[in-house]
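Below are two complexes that have chain A in common, paired first with chain B and then with chain C.
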Partner chain A sequence: MNAPPSFVDIVWIARWPLLYGLGTTVAVSLLAILGGTVLGTLLGLALTYGNRVVRLLARAYTDIVRGTPVLVLVLASFYILGTVGLDLSAFQAGVLALTLFCASHVGEITRGALQTLHKGQTEAAKAIGLTFGQTFRYVLGPQALRLALPPLVNTAAEMVKASTLLSVIGVAELLLRTQEVISRAFHSLEFYLLAGFLYFVVNYAIERLGRAVERRVSVQ
Partner chain B sequence: MGYTLNFDAVWRNFDDLLWGLGLSLLLAVTAIGIGCLLGLVLAFGRISRSRLLSVPANAYVTLLRNLPLLVLVLFSFFALPQLGLRLSKQNSFVLALALYSAAYLAEVFRGGLLGVPRGLREAGLAIGLTEGQIRRRITLPVMFRAVLPALGSTFIGLFKDTSLAAAIAVPELTFEARKINVETFRVIETWLVASGLYIATCSILAALLRRVEARLAI
Partner chain C sequence: MTANLVTANLLEIRDLRKSYGSVEVLKGVDCDVRAGEVISIIGSSGSGKTTMLRCINMLEEFQGGTIRIDGEEIGFTTSGGQRRRKSDKDIARQRALTGMAFQQFNLFPHMTALENVTLGLVLVRKMGRDEARALGETWLDRVGLLSRKDHYPSKLSGGQQQRVAIARAIAMSPRLMLFDEVTSALDPELVAEVLQVVRTLAEDGMTMMLVTHEMRFAYEVSSRVIFMNGGRIGEEGNPREMFAAPKTERLAAFLQSSRFN
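After this line comes the complex of A and B, so read on.
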């Protein structure tokens, strides 16, 4: 005569799958944010300083990726890459899609920040004989980063949210793990609330951390 | 590799994609309609001097902006029936998207409301308008014009977010594309056409919004 397990019991029983899912969510988001930031910064440079052909290509990439829903990118990457003979796991295909998506956003943010900087800065750097690399490293980069920080933090939180879409192609991140537990043990209301709470905590932490860094690097 | 592009299968099912696109647009319009009303209320709440109004409004915006939309969608479809609220797939998705969009729209409207010059309100008071009249006849129209660009990009974002309805089998564009993909194995063609439709719709919406902005500009 055992009482049916309560929600807390089930959470305890399923703690490892859920924690593993949370870990996967964090890993997916981190990889996509890192890859997307590197790629996006290059994209932003191409959009700002590239010659006409480079600019046109970068613009086409950004507009196409930003005009397509993330879920479509994820599904397309998952189905298409297999068809053309690239044997990627769902995890890899998903991270790739999120990285490309993140890069398009970071590209626009970088371009926006660089274009806001006054032209005189570049001219002054040239006048004292800095190369383009040095100008970017010592003059433009640090200022652009300060401008770009708030939208970059936003993008990071967006990527954590977008990582839930990988559940659709079967990546065992937090949302898919939650759904699996629900399908065995019910309590869908409580489990979705729990998942929502965990996502909120991760994103809220990113937001707070971002604010702290902003204060740290602000000039005032 | 040896993959030859063949769009026949996609063109045969093109009607399904177009119906799906229509449903996507309908979902986006309905959700943003409800989201605008709720977002406006939230925006007035956030700028209110009464903490009784501003604290809950701020909490709502912070909470909803940090939740993944897919979690909301699944919650509204699978968990709300447990609370006795049983909605159809379409309606539960519209509810989720409306609640989600309200948080973003509240931010947009708040910025717009704060941007309305104080002098306009004072002028309204001076010619004897009541608070309600000032809000309806002065604050809202001025704010609306100022937030139109942001409103437009939010709408385009929401339109793309309707693809998440595919996760609960609402037959919108992404769902139809996935169906064609699975049924015909014309993988590359299907996704090219589907994302082409999304991109084209987004561009058309953006162009329309620019025209509306130009029309309304003073």
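After this line comes the complex of A and C, so read on.
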């Protein structure tokens, strides 16, 4: 009888499923972060500058979504949307749930950053004749981004962690792939450590990227 | 254009009324300003000086009366007794007719001194980058800060920041400059350099309205002084006569209580 394959051998054999899982994790997280950032910025604008009705709606959305466990959002978008005729794949439903969740956090971060800015900034921009769009693009946005960047990086890292919950609806992301490999090849401790390490690498990359952007936009 | 020729007033304020909630803070202000006039607005705290300036460039919306610049109604259109707010786009364009310098400077902290000055030139006056830079440098030079053009506001003293803020406003070539207590937030030793800039602009013929607590400065530079009292113009006239012989008790008391230095 041959010696049983070592952990390294098994990782090599299972490299494609694992890499595929990692790719899915990155894809899901990126899509959710991008979508959530766009949607969240709009939410933040609505929360800060909207009229009463708009503010109320945005506030209700933000509070409800932020107060709901992500797992519930994931299950809801997979199972409930199906019953109302919106048939999404597990991947699509998962990305949707994470996007909505991400947006609620980015909305709150954006609102916080915009409200921290002194109202004199808006007034000075108005006084030289800038439109609201120009004021946001050139005066408020860049300053808000600077304030929001650290919490935004945090949120992005949270999204990567939350993406593990998509394993519950069968999205073959890194955690689910890892579990599948373990069920066939054991070495559960090593594989979970490996998965943990890969999640760390992804989040570390996000953090470095955030730092780089921070440095670029910071005033010397 | 016709209105312009007939009245020859740069600014015409008629029965201006402004309330915050149920509290009326401007109770019917009438005021005409001709091109080239330098008008100081004085008066005790809460009398409505700031509010009046802020209505002129629509930083505050007013509930009654009209403001016209070169005959053009600011902020609202009135036709057939109906008063409607102009579009945001029109209001933005009208705001560029006036320039404003604030007590707190309000420079954009993420832009250099020069970028602060050129932003409006590029976005509002639609100048090319080079033209805007050249004009921005000219104005920074006029306020004595050309050598600081690449400094961020945090690296400038209060007096320097205020001079950049004035350059930012004036570079837009507004018809009328509004100054709201531009030296009140400054350390005493920095007041003179800012007043000197304002004085030079006045001497160059810029039309301006300035809210100030600097009585000597008001006395020296103004062609007319307006004394605000409880949301109305209490008294107005030439500074020499007004300061020497106030017609109202209130102005006499106010002048008495102001440091005249």
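Just so it is clear, the second predicted complex is superposed on the first by the 220 of 220 C-alpha atoms of A that agree within 3 Å, B and C clash if a C-alpha of one lies under 4 Å from a C-alpha of the other, contacts with A are read in each partner's own complex, and residues count from 1 in each chain.
FYI, a residue touches a chain if its C-beta (ideal position, glycine included) is under 8 Å from a C-beta of that chain, and two chains touch if they have at least 3 such contacts.
Source: prediction; values computed, not measured.
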Fit-or-clash call for chain B and chain C when the two complexes are aligned on chain A: fit
Touched partner set for A:Thr68, first chain B, second chain C, both or neither: first
Contacts of A:Thr131 with chain B and chain C, given as first, second, both or neither: second
Chain B versus chain C as contact partner of A:His118, first or second or both or neither: second
Touched partner set for A:Trp12, first chain B, second chain C, both or neither: neither
Comparison of chain B and chain C by chain A residues contacted: B
Which of chain B and chain C A:Tyr79 touches, first, second, both or neither: first
Chain A as apex of chain B and chain C, Cα-centre angle in degrees (nearest 10): 100
Overlay on chain A, chain C to chain B nearest C-alpha distance, Å: 26
In the complex, chain A residues that touch chain C: 118, 120-121, 123-132, 134, 138-139, 142-143, 146, 217, 219-220
Touching residues (chain side chain A, partner chain B) in the complex: 63-64, 67-73, 75-76, 79-80, 82-85, 157, 160-165, 167-168, 175, 179, 182, 188-189, 192-193, 195-196, 199-200, 203-204, 207
Chain B residues touching chain A - in the complex, by the definition given at the top: 1, 3, 62-63, 66-72, 74-75, 78-79, 82-83, 160-164, 166-167, 174, 177-178, 181, 187-188, 191, 194-195, 198-199, 202-203
Contact set on chain C toward chain A in their complex: 57-59, 88-89, 92-93, 95-96, 98-100, 102, 104, 106-110, 119-120, 123-124, 152, 154, 165, 168-169, 172
